[in-house]
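Got a structure here, written out as structure tokens. Questions coming.
Going by the order they are written in, the chains are A, B, C, D and E; count residues from 1 in each one.
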């Protein structure tokens, strides 16, 4: 009963479903257009993937603790606007401006957490309200004008965050290593540490966790702050890479990020989360968007395909789950 | 212990919080700009309110049963495009086109319900996928071009749905009566009927409801269909009133509608819902948007105000709730 | 002898790799109260969940009055006359006592198409039932379940079974949480059930309660039925305890 | 006599308009096992929820070893040495047995800043505890709570109280759902608790269980303490039952 | 006096920033109050805003047209209430506006297509890619109409794709598309300012040299003026966004003072590398 082979153990893991989905997806797209796995395309897909991925990592922990955050997209747009406004007006050095932007993000996350845990408003309403406030503030302080970033060329900070280099003809961004780093740290945090146990308990049965002396509120506030700060970091990385800090960038990311996390196998209702699953989920969605364009779907039908593939993949996913549940 | 005055009973009702919010809001806006309560402005606010309100009514029932629907906004845009495309190309009479559009909406709702109840995918992913498919289809069939509706002048169907008439200088749209009608019927359905009891039980404890022989799946599928059909009706009403059927209209409505329902006091997690609360929630949000434009908040700061007011009002709400909970 | 009311044959149920039921044969005759005993995790709850259609079985057959049935949902079992009170009491905490009592069987009033619930009737019946089940405190039937004490909730679940008569009533540990008066209420309810022509499966860890009311005792251990015809009138409590823990078996080991 | 370990004075607790506790005085001495009895809805669970900081009190004072305390959250009570096993068993169904056992007190391994849980240690302890509490079946400690039977869950909750020693252990109906062997495990655990210097509050509807282990019995009825110094050695079960149901009172009425 | 400036545009669209700047400048210069609002293509919400302005007894309203025909009713109501209502940026001849200030998207679209044809950059059988932020939004639809009238008779094919109003997303989607269709695409028409302004970053990412694929499109942003100067974009359309707002408000003010405007003001110019510096200077506020 306790002796099962490696394959059986792999199949029993909750991440097995998303893994199969990703492989199927890669195989299908590749068979239609071999360019799909070309060096140029992979490098291109990776660059944007990790930016959304950073947010998804933090969102995984937050959703495991039973809350979610709709304001990440607006923080993604807000933080770079603050940073580059400060820098471009000469009010601060780039390092200081970066710190100020991250600090503001932390405050936003803290405020989200405060409303949710103290005032006990549902995180849907709190973060929806915060989304509007933050997005509005970004527009207001920038007067709607995008901030220029291209005098960032010689900055060590910019290099550390998104410096790109080539391995052969393969262009890699430093941001990929940030993503890998955060994935490893947060994955370890969730599964291997005491805090990870608290996060899962906070989402699974907050009453029980509180009864055992876990400070559920502090856990949630910390995760809201993490989520806002990673969103800010992702936004700053993106602004440097695309050389523009537009107050509107990041709109609509919230739903996409939540979709990535859910496809990866994290429960929408809290208590169960997986970082590996999220990493797979991030790739599943990004590869899908890239692949659909690459195989030449008509432009206006783009959304039809994205939606249909989400539905189709989740059906496959649920079928895989059920098969393994009813096993033996 | 069972003898409490009318006031006490009013305060104990869950709808008391939203009611106070609405009154506070009306008072504040009116004190800033007296035009706010002018006949013209009230009639203007009402007309758009009821269209979003129709969707919110159906969403209340759906959320009480423990699910929600992100695809309503896209159905709102899709249904009128279908109807007017059929009519304008001469493929069908207006009545037939209307029926076809409503039927398609029913099919969309049924599909949502099928994926959620049969395949057991979370309604977040299902309706997000459906949102994309439906929006994409609307774009695709219309090639992105809005459909004209102004040859609708002489149609009885258009009159029944949105015909407007004056009471003194007060302009009323027939759609208001549709809203009132649906509010009464659905309110009665939720609180007074057997089906209403099933809806609440399906959201509160689906296992228990199933154990008692309630067909939870059928309840949910029916509510998904209701939600899609009311969204389609609202979209058609709106297209006639604004004389344009744009494949993009309705985008973002889903979050606004859910916010209305939640502000009204319906639980995001299911089991508890109130139609009266939703009607109040609809007015709270619409009045807010109208008032903000009227008192002359700068366009770029608009979102800041909306967000801040949502947060402020929910704080007040939660304070009212707690006061009454802890009362003697 | 006639076909029993319920017959379950070679029932197997596996949750993933865990085998909860391992070839169980079980029957209940007409007008019979069967006590189902067994240690924690023996498979009692799983057996009755299978019987009431709440979980699908892996293999095996169920017969009701000799006719093979295939329960795919609780509705099917209810339609076949099987009513169940679950251990993890299946109430909707947000709904009122009366609405819970009648959930799935709400009485209607007025024209059918209006689908109007007869709330006055529901409240009146609920008030009565609460008294019958032994609750002396005056709890309004419109109180939501969420604000009841543990025992009061259990009493509501019991009251539900008392009201709707079915051929077979299954009670999974109904006396847990119950006070003295309420426990007596349940036991006398079970006794009355037989007299009014019903059958009953009674699961409890308190062997004394079981002995007071049942006609026949069935014992399960580790997913198997190990004794299925113990007569409480001719057997001692201690002997039954030995069967439950497996002490009576030759070469029984205990760690 | 010295100050008692716990003293609660004139405790009132109202849920909205429902008064659950109506001026309760209650104390527990050092090394004392107190049995708390009372009918359903008498206020027992509410009393101990107040004592463990789970719900705020409306008025009244709590003293621990003579020092007035103000429990605003369960953390405060745990810090003061009060450990509680709730009736509606407070486990996280998604987490494994071992993770539930150590929730809030996870042992660490390696450098502190790594915050690394010592999972091997946790699993080993969990395995031991399950045996101690009477579960003979071989359940891996990594099994999620969600796939345990009702009694197995209760046993896990008990095991948790056994492992972390506190000055006062509160058990709210701990023997519900438990089989014969497991019940004996709990009762002997309570007896040992006193010998090793702990105090204990034991709530149960099974008066026989209570009689077997407690030093003193307190009875509540309708939010009030109606007897607070019954000695189980000198009183009969029937007499206590009469106090619980209120039959002993002059002019007691019963509907 | 109080004026309402109501736009169907999105705050996310850089060009609207310049429209807004013109309105603000006018408010500062004249000392009047201008209440501004954006409605992101939502017809119902825009109608509501215009009616709110009428209810508030505004001295004048300037508004864009989200969809031809959609403001016919409310324009009548404004006329009835004796409030001047000026249309800008997107025309709607059917509505009873007092005047129109701005360009004509159909004409712009035709201009771009004609430019590509006249310069010999595309010929029969060629394929032109036309990214747009929001397919179905009026501006893109009208431009497509103009483009179609030139390309269709010549047998030139084209495809519209969605880029989204988000810088990173837009770049990403455009890169994806260009990677897949690099051989096929003979020219690009950027139907909006955000997509045209992203061309340089897209070309750099995919490895297309400036000028390798001819590009025309909107030119109301600094990104685009720079792209024209550096040779990524061949020709770009200037719309005078600030001036459009400014003049529209001036007309409204004039009408409010009892002088009815009896004329429309048409704006716009297509610029190439040689004149791009002028617009670059305007946009960077020099």
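In this text, contacts are C-beta pairs under 8 Å (C-beta built on N, C-alpha and C of every residue); 3 or more make two chains touch, one makes a residue touch a chain.
The structure presented is a predicted model; accordingly, all values stated were derived computationally and were not measured.
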item	value
Clusters that remain linked by touching, chain A excluded	one piece
From chain D, the most remote chain by mean C-alpha position	E
Separation of chain A from chain E, taking each centre as the mean of its C-alpha atoms, in whole Å	33
Chain centre separation (chain C, chain D; CA means) in Å	28
Set of chain D residues in contact with two or more other chains	none
Sites on chain A at which at least two other chains make contact	139, 143-144, 298, 300, 302-303
Sequence positions of chain E contacting 2 or more other chains	11, 20, 135, 160
Of all residues in chain E, those that touch chain A in their complex	10-12, 14, 16-17, 20-21, 135, 159-162, 164-169, 171-173, 175-177, 179-181, 201, 205-207, 222-223
Complex contact set, residues of chain A against chain B	70, 115, 119-122, 124-126, 128-137, 139-140, 143-144, 255, 258-259, 262-263, 268-269, 298, 300-308, 310-311, 314-315, 317-319
Interface residues, chain C side, partner chain B - complex	52, 54, 73-75, 78-79, 84, 86, 90-95, 99, 102-106, 108, 114-117, 119, 140
Complex contacts: residues of chain D adjacent to chain C	15, 18, 38-42, 45-46, 87-88, 131, 135-137, 139, 147-152, 154-155, 173, 176-183, 205-207, 222, 241, 244-245, 254-255
Residue ranges of chain A touching chain D (in the complex, touch as defined)	2, 189, 192-198, 200-201, 203-205, 207-215, 271-272
